[in-house]
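Each structure below appears as structure tokens.
Consider the two complexes below, in which chain A is the common component and chain B and chain C are the respective partners.
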Partner chain A sequence: MNKALQLKKRGSMKRENTERVVLGTLFLFVPLAFLIVFSYYPAVRLFQLSFSDWDGLSNNFHYVGFDNYKSVARDETVMHAFRNTLAYVAMMFVQLAIALYVAVVLDSKIRAKNFFRSVIALPFILNGAAVVYLFTLLYDYQASPINFLLQKIGLDPIHFLPNSYALNLSLAFMGLWKGLGLGVIIFLGSLQSIPRDLYEAAEIDGASYFQAIRYISIPNITRIIELQLFLGITGSLQAYGESLITFPTGGPGGIADTLMTRTLSIAFKYSQFGRAAAMGVMLMILILLVVGVQRMLLRRNEASE
Partner chain B sequence: MRKTASTIAALTLLGGLLAACSNDKNNASGSPSASEASDPSSAASASNSEPKLSGKIVFATNRTDKADSTIRDLADEFEKLHPGTSVEIEGITDGNTLKTRAAANELPDVGIPIPDLPLEKMPDYYLPQDDLGFSADTISFYDYNKVDGKVYGIPISAGYQGIVYNKKAFAEAGITTAPKTLDEMLADSEKLKEKGIIALATSYKDGWPVGYYTATLPMEMAGDPDWYGKLADSDTLYNEDNYSIAVLDFLTQMNDKGYLEPDLMSANWENQKRLHAQGKLAMAYLGTWYPSQLADNGANIEDIGMFPFPGIKTISGGPDGSLFISKNTENPDLAKAFVKYCIENGRFAIATGSIPSDKNAQPPAYVTELLSSGLPVITSSPTSSKIQDIINKGNINMTGNLQEYIVSKKDKQAGLIAKWNKQFQDAKK
Partner chain C sequence: MKSANKSFGLRENAAVKVLNYTVLILLTIMVLFPLYFAFVISFKTNQEYLNTSPISLPHNFLNFDNYLFLFKNANLPRAFGNTMLFVVTSVVGSVLMGSMVAFALARLNLKYSKYIMLLFIIPMFIPGLTTQVSVFNIISSMHLYNTIYAGIVLYLAADIVQIYLFTQFIEKVPRELDESARMEGASYFRVYWNIIVPQLVPAFATVAILRVVGIYNDLLTPYLYMPKSSLKTVTTALMSFATDRGTQWNMMTAGIVTIMIPTILLYLFLQRFIIAGLTDGAVK
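Right after this comes the complex of A and B.
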């Protein structure tokens, strides 16, 4: 090859690279700026505040070491809120199971598939607060249309919001109803990306429908199940809207408090932003731990298969 | 080709971003210069001695529900009376934004005050309004915002606490006079229950409506405006002397006998208003602001009455919002004229369905009925930081405590009181 031509080509390649770098930086600038300003900076401040006694208003604060962490760990209302939050985690597993079931059904050859898909996905696009209001109407002992129907057919009306732990399951169910659609869509998307010929081959080999699901569908979407678990656990540990709107005071004796609503009231009601920040950090560590354990378990499974 | 297109796209993106920034800057630097420009003109109009009002003011109100309707009408009438003036109405949903605006010297000309502003700080942000021609003789709670002999905010409406009742429900149960003692109230509740009417509403689930039983009712029973502040000096939060336990026990009794909503855990505010308006519910312990909401839910306002909670020594009352004029307003004369216009004859109060602070204006019948009891009216003292610090430090949730107490079994209740008092004592250390 001609040397001059080679040089020219290298020069143009160089120019191309510079252009690419400049272009990439330009495009990245906006999202990175947002990420730093709205995610990383607040996270760093959260750590800083968790060691302080800031009251949310004053211009200055004092560092108090690990006092906030100690007081949160000793606070029985926080433990109560944690137990309540576990109801949301439990409900999340139920939601995943239902979502997987619905996705498998919608993936098969049934009539009016698109109609069912849209109907199931619909709640997800509703405003979260509106969903909670809707459910408080349904859960109203006297005004609930469900209880009205039950009484019409001669049954006893239900206390949807009992004065017991089960109350948290009622609240978590609101999240299930709203979030189901997204779970179904994600599962359905991954199910449809499985090559059809796998199923055809299995059919020829005489595999039943359930065997096909067990040995083809599920193994092919473990990654997606893992993702859903990750999203579900982080989401349910941070549940707060259902509880906050239904029971603004946390309910009698904090019966409806979740970790998040407890954090919110410690910060904004009692002006203990330092303690609330410590709770935020502890929640973050908890989520990291859970996700870590989950990854380890799933990885081991994958290795053994 | 594609590369050029994407370069252009990126540059446009960045350009847009920068443009947005520069716009903001223009705005920020623009407003002070605009105010400088209009300052001389307002000074000139002031030196004209006779109040030929002109210019523009911004009026901030928290009554966003009426901001575009009746309040706008009121402002339109004012503008008609004073040609050349303009009143812009700004609905404030979150009062806390006023804190930021105060820090930037951008408070609205006229309107609600910065939330939780201590009395002594008022002169830093607001103009005195003693020259408006009002006095304690003509305006209820006139002295509420008085600092060093000057009034910084004039109450625009007044509010009183009491039991709001539906006269139709009372008539149906054969109750002719309002109960005067707690025993009479229990007896009347029984009559209401027999007719299938909920005697007393709590909106238990929503919490805040029962909040009135934690601080306001004991204060009315004690007849002491400092009731809440004095808790800080007490050894216990709940005791027999400060009426707090009496209130808890009374509500427990009401609940045990089935006089409250059938399912407290789902008893909510929206449903309460509906049932109360329909007469399926008889009483609720709330403020004079509440009957107009019943009217909004279809009640005939003549069917709604009020009486003091049985057995109290004083009625709790106070200004229900005051109007303040920003120290930095460019048109102080116009602002004052507008405040005067709103308060005189209770124009603003009537437009928003609240109780006029102007004593010359006729209050609604239910207010007259409530005050006809002749009990003295007291206004609770501003919250002292001492008690607030204890409440915050101990994370004491008096409303949540009340909710827990009234549904608990008798033998558990004493333990709860002991637990909460210990929580209180620990927080005091």
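Right after this comes the complex of A and C.
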């Protein structure tokens, strides 16, 4: 009797086990397939293609060793694109600093904070291409409403897209305009989750506004700052939309090319997919390196505090 | 977000206060003025645009000629339809796949669930744009290039990266709920469908918001993989309109405003959810 019950129980456990494994496999199968085909395989394939002369059309290709890497390393236009991309990285730091400042302000006693937050966050949900076209109007020397207003008050109109490096800063500013609000609401969300009694205690102890920010607000959101830096670095090193739309051909002499737009035109305009893949690999390694160094630096800071 | 009673009371001095308000007002102007310019210019006729200042109000706010021209020439209904299709398939797909993966990994006590979770997390660190060259290679060898499936498949693939969001949410569903259902003899699938899925609705809302914003904004996927005119999304439709009318600013601004309006409306009505969703998406 007892034995029979045990056997029965074991039988049902077995059935339960099969049920778990079968359902688990069913549930995981499609997502894992997507993951492998579109996340892991492309990374592996990128390495493989970077050693090839694939032209984007034919079904086969030859391996060319390190030729692509050598030619990318020697390529002046790639160095140029790299320098241009640094303008986006610099603008990203400015953007994060302003976002943090605005979030701290909105977290303090201030009137109409919901209004300010709503307006400042608005651009993030706007279509990116539409934003870039809007800026091509603002930046147009002749048509720009800003230049119109400047002339109205007796100032000289501005060349927003000059024939120099500064043009990249103008392009990168579009990203700041669009992305600032997201940074603000993410910082604000984490600032608001800091327990308020910390501030009350600080006030009783006679801490000033700046001391409270320096010793309570900032230390409590380092994880979010780190996250925003990670997203910011990956995003700005891969910037392309502003440049691609404003200067579909990279501008005179590639003056507006970024690493991404250069990669895309090497692949899709010149059909040198192998070389573009080598650039992709190099950019990926660069991003991972920068992110890794950033992590290490922040960790060491945390440990020393 | 009840922020009204959450602010801290430490006194900044008057100068800091003035500076803070000044910056906030300047930022408000910086955001709203460009939108105002685009709006007023989009209602002007060619003649009017050339002869009036770019910041003056149009003579007639009911002059929809630029908008009509845009809808006729940029094939916008088609573009909005395509974009909607991608949004719907991607939201449905990510809600289904995300909840299934989270359930399988968090509730089924599978042997290797920790390692499988890791498999889902690692790709978040691969900078996605750098691999476009090989993704193109894969899409074209699957014969999906220049078909609607290129977009559907790639947006679904992008959803996978957001799966960790669901695992965060599912941790908050009390285990007693599914255990008591199991006691009453419910199958694991029933537990998933009748107990877990209803509890994950807030997560679905977050993911839906992230996907709408992401897909509506995306340029690269339609631009690289679906150049055919019948496959254009709002973004690429605006881009081809710009190639023809790029310097006719009254036409261009009509395009810019039209493409911005749907998300602005969404933002006006669902702002609290959108802000919460974007915060969740980044922080969790």
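The rule we apply is simple: the second predicted complex is superposed on the first by the 273 of 305 C-alpha atoms of A that agree within 3 Å, B and C clash if a C-alpha of one lies under 4 Å from a C-alpha of the other, contacts with A are read in each partner's own complex, and residues count from 1 in each chain.
Here is the rule we use: a contact is a pair of C-beta atoms (placed from the backbone, for glycine too) under 8 Å apart; a residue touches a chain by one contact, two chains touch by 3 or more.
Everything quoted here is computed from the prediction, not taken from an experiment.
When the shared chain is aligned, chain B comes close enough to touch A:G254, but chain C does not.
When the two complexes are overlaid on their common chain A, residue A:Y139 makes contact with chain B while staying clear of chain C. Using the contact criterion defined above for the overlaid structures, shared-chain residue A:H159 touches chain B, although it does not reach chain C. By the touch criterion stated above, A:L297 is placed in contact with neither chain B nor chain C.
Of the two partner chains, chain C is the only one touched by A:L46; chain B is not.
Once chain A of one complex is fitted onto chain A of the other, the partner contacts of A:L283 are limited to chain C, with no touch recorded for chain B. Touch criterion met: A:E19 reaches chain B and chain C at once. By the touch criterion defined above, A:T246 reaches chain B but does not reach chain C.
In the superposed pair of complexes, A:L126 makes contact with chain C only, with no contact to chain B. When the two complexes are superposed, the chain touching more residues of chain A, out of chain B and chain C, is C. Comparing which residues of chain A touch chain B with which touch chain C, the overlap comprises 19, 23, 27, 30, 136, 140, 143-144. Of all residues in chain A, only 19-21, 23-24, 27-28, 30-32, 34-35, 37-43, 45-46, 48-49, 54, 56, 59, 101-102, 105-110, 113-114, 116-130, 133-138, 140, 143-145, 148-149, 177, 180-182, 185-186, 189-190, 192, 196, 199-200, 202-203, 207-209, 212, 224, 227-228, 231, 234, 237-238, 240-241, 244-245, 260, 263-264, 267-268, 273, 276-277, 280-281, 283-284, 287-288, 291 touch chain C in the complex they form. Those residues of chain B whose C-beta lies close enough to touch chain A in the complex are 3, 6-7, 10-11, 13-14, 17, 205-208, 261-268, 271, 275, 391-393, 395, 397, 399-400, 403-404, 407. Listed in rising order, the residues of chain A touching chain B in the complex are 19, 23, 26-27, 29-30, 75, 77, 136, 139-144, 159-163, 167, 246-254, 265-266, 269-272. Interface of chain C with chain A (complex): residues 1, 3, 6-13, 16, 20-21, 23-24, 27-28, 30-35, 37-38, 41, 53-55, 97, 100-101, 103-105, 108-110, 116, 119-120, 123, 125-138, 140-141, 153-154, 156-157, 160-161, 163, 187-189, 192, 213, 216-217, 219-220, 223-224, 234-235, 238-239, 242, 246-247, 249, 252-253, 255-256, 259-260, 263-264, 266-267, 271, 274-275, 278-279, 282-283.
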